[in-house]
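The structures come next, written out as structure tokens.
Shared chain: chain A. Partners: chain B in the first complex, chain C in the second.
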Partner chain A sequence: MTATQERSAPTRRSRRAARGRAGSRTLSAIAGLALVAAAVAVQTLGLTPNDRGAPISTTGSLGEDVDTGRFTVRVDKVAAARTVETLSAEPVATEQLFVVVTASATSAKEPLKLGQPRLITPDGVSYEATDKIPATNTLANPWVQPGFWVSGFFVFEVPASAVQGSKVAFGLPKSALVEPFEPEVEVDLGLDEAKAAQLTSAPQDVYPLKKS
Partner chain B sequence: MPPPRKPRIVLQGLGAVLALAVTLGAMTYDDYRVYRVRTGANEITQTHVVQPGQAITLKHISWKASVEAVPSLPDGKKAGPGTTYMKIVITRAAADQEGTVKTAKPGKMRLEDRLGRSWAIEVGDDAVRGDKLEIGRPYPITAFARVPAAQAQEVELVLRPSNYRSDVPTEKLTTTHTDPDDVELRFKR
Partner chain C sequence: MTEPSSGDDSPRRPVLVPAVGLVLATGLGITALLGGLNEVPDPNPPQYSNGQELDQGRFKTQFVEAREVVQKPRFTGDEAKRFLELVFKVTNQGKETARVGMPPAKLEGAFALSSFAGSLVKVSPSLKQQYGPYAYAVSKGVQSQQLQPGVTTTVIVRYDLLGDAPAPEKVTLDVASFEWKPGFNDPSFAWQMVADEVDDAFFPEVKARITLDVKGRGSA
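Right after this comes the complex of A and B.
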């Protein structure tokens, strides 16, 4: 009953209260909008399923055995070339630069195959291993098994500017069913300014992919 | 009357914590399941152990196998230092009419040592030609593997027979019920 009385006979004080209510309603609306905007903004920070399940990297440096628990990879050597000669003695040329990584791998418990690795520059740009060289010529071809090491090559085709400070990430082959938190080995190739300059300024003319 | 504020905040807090726990739990469970499926840990397996030199008849097929170290592959290639090539001969024969359509190679073949480490097997030749086996006739699969020399005398062949049947028409491949794929054979040496 009190409420109807107030409405029928508004006093000065209740009118001021009504104005205050309208003001606070506007304020609430603005705050609400701000919250909605904030929620949308926060959404954009959310991880995609792929990012959330991204591989867990074990890091290491050139010449070091890097063990993920499931497999171990060691980068033995890094070279640069203008032309790579495949196992079938076919020359493959590039206008950029071929970075040839010689690596060895072994597995802890089960036979597995490595996927084609990625070369990652310090600014986070990544390059897949080149498909100009058949995968059968690379270390992705042989079984990586317990108790012994297998060695082979991976070849990247990159611009000379990508060489300095680059890392290579080795993982399992791509599959339709993506396993979350796959093991990955990330090796710093140890290419400081001087070594990078040496590689890019004097690449080998022909690099033969032959077992030494 | 303003609503009693405090108990509601506690309730909302509890709700939020619970929702977070359920979300993280569900995601973790899903990830773990994918891991199990991907690594083959989810397969239901009944293992049959076969004594050395013996045969076993299972699901209309009779199986026999031999595993031995060989100095080199048929093309003369020698195994690298510290390792040995193994020659594996798996002989299968149809035990009855039903077995004559089971023409596929085993789905999974491995050599395993006592610690449970395993090595891949690559098939060199399978004697099965066409899509029918003769009852009782042995069909050998010749295969090779590379293992550390120290394990050459202990590794055992583990194989998973395929449940493929050659008499299922292609258009019915996805709708036909075949035997469950749930058996593994372990050949003792």
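Right after this comes the complex of A and C.
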């Protein structure tokens, strides 16, 4: 009502007010656009559904005890080989490269088993531990009990280009009942350019998996 | 809104919006009646033969050959075993390890598979099997069920040839493809077989039909 009255009888004051309103309208439009842009930008910080379902990682480096609260894993040694000799002395060859990780594990409270780990490159390509080496030959086989350290091997079959800067992620075995936010240990193997080149250029001809 | 402006006595009826709305609704209705905007499945998928390469999304696959293989008996008195082997060279184009898997026994439900052999949705003629088929990756004589990312591996799908049944002259494979997308009721991304919905059931979309001549037929 008042608006119509004002419009029918424009005064100097109301005209100045209108001009001010137009200015503030541009300002609020800019502010609105800025807020919308900020909201869109914040969306990119959100987790993707895949990240949301991912295990909770505890990170560490080579030779370090990495404790998730449920289990602790330590990577003792990394080696590369063209052929791996299994516990039953059977040679297994590859066209790629075998990365043999010697690791130790212990549990905090209850006996458990480790799953087959994954080797992850800096660009996020993940290689499951190879099934060419029977799982019974790996650290996924023995029970991991509280108060004891067990050690063993995990073997990955990867192209030589995947070695540099790679990490290994250890978790629990896959089960039908999916547990949310599973614990995971992620160990940086500390393979900088020089060490990676050393591993890939001179892999061992035969790496025997032997209980030490 | 309907404030009368000076000089125009009869209020104009807003015609444009309802008219456009009507046209849109009619268009939508006709499109829906004609089967929607989905692509009509191609009744004649592209044909491939020996040695050709196909991009299946998750895998890049070369169809090397089909061959009849005779395995000598290990013990005297046993019969020689005969197999039909389909040979592929498969490159895993994904960022994670894939399974070799098994060709699906039925077309229904096959869309849920994400393994390599799972994409061989129809193999004809269908060969009677007692235990098979059996699929594996092989390199330097070592078998595996894994296809590591970025690596090209030979994959063999092996069918038993029971009794005196002759190997077929030709084998035809209907091959599906994969897409990296969220699941039906799971928002996380994964490799999913490209499938079409027909009468509330999903069927894999045939990306290519491969016809392979069977080599070494009847030898030995």
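To be clear about the criterion, the second predicted complex is superposed on the first by the 161 of 212 C-alpha atoms of A that agree within 3 Å, B and C clash if a C-alpha of one lies under 4 Å from a C-alpha of the other, contacts with A are read in each partner's own complex, and residues count from 1 in each chain.
Quick note on the criterion: contacts are C-beta pairs under 8 Å (C-beta built on N, C-alpha and C of every residue); 3 or more make two chains touch, one makes a residue touch a chain.
A quick note: this is a predicted structure, and the numbers were derived from the prediction, not measured.
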Original post:
Which term applies to chain B and chain C once both are placed on chain A by superposition, clash or fit?
Top reply: fit
Original post:
Is A:G53 in contact with chain B, with chain C, with both, or with neither (first, second, both, neither)?
Top reply: both
Original post:
Taking the superposition as given, does A:F181 touch the first partner, chain B, the second, chain C, both, or neither?
Top reply: first
Subject >> Touched partner set for A:G147, first chain B, second chain C, both or neither >> reply: first
**OP:** Check the residue A:A93 against both partner chains and state whether it touches chain B (first), chain C (second), both, or neither.
**Re:** second
Subject >> When both partners are placed on the shared chain, which of chain B and chain C touches more of chain A >> reply: C
Subject >> Closest approach of chain C to chain B (Cα atoms, Å) >> reply: 12
Original post:
Intersection of chain A residues contacting chain B with those contacting chain C?
Top reply: 52-53
Original post:
Tell me, which parts of chain B touch chain A in their complex?
Top reply: 27, 31, 34-35, 37-39, 80, 82-83, 110, 116-120, 146-148, 150-151
Subject >> Complex contact set, residues of chain A against chain C >> reply: 4, 48-50, 52-53, 92-96, 118, 124-128, 130-132, 157-159, 162
Subject >> Contact footprint of chain A on chain C as seen in their complex >> reply: 3, 95-97, 139-146, 148-151, 182, 186-189
Original post:
If you look only at chain A, which of its residues touch chain B in the complex?
Top reply: 52-53, 108-111, 143, 145-148, 175, 177-181
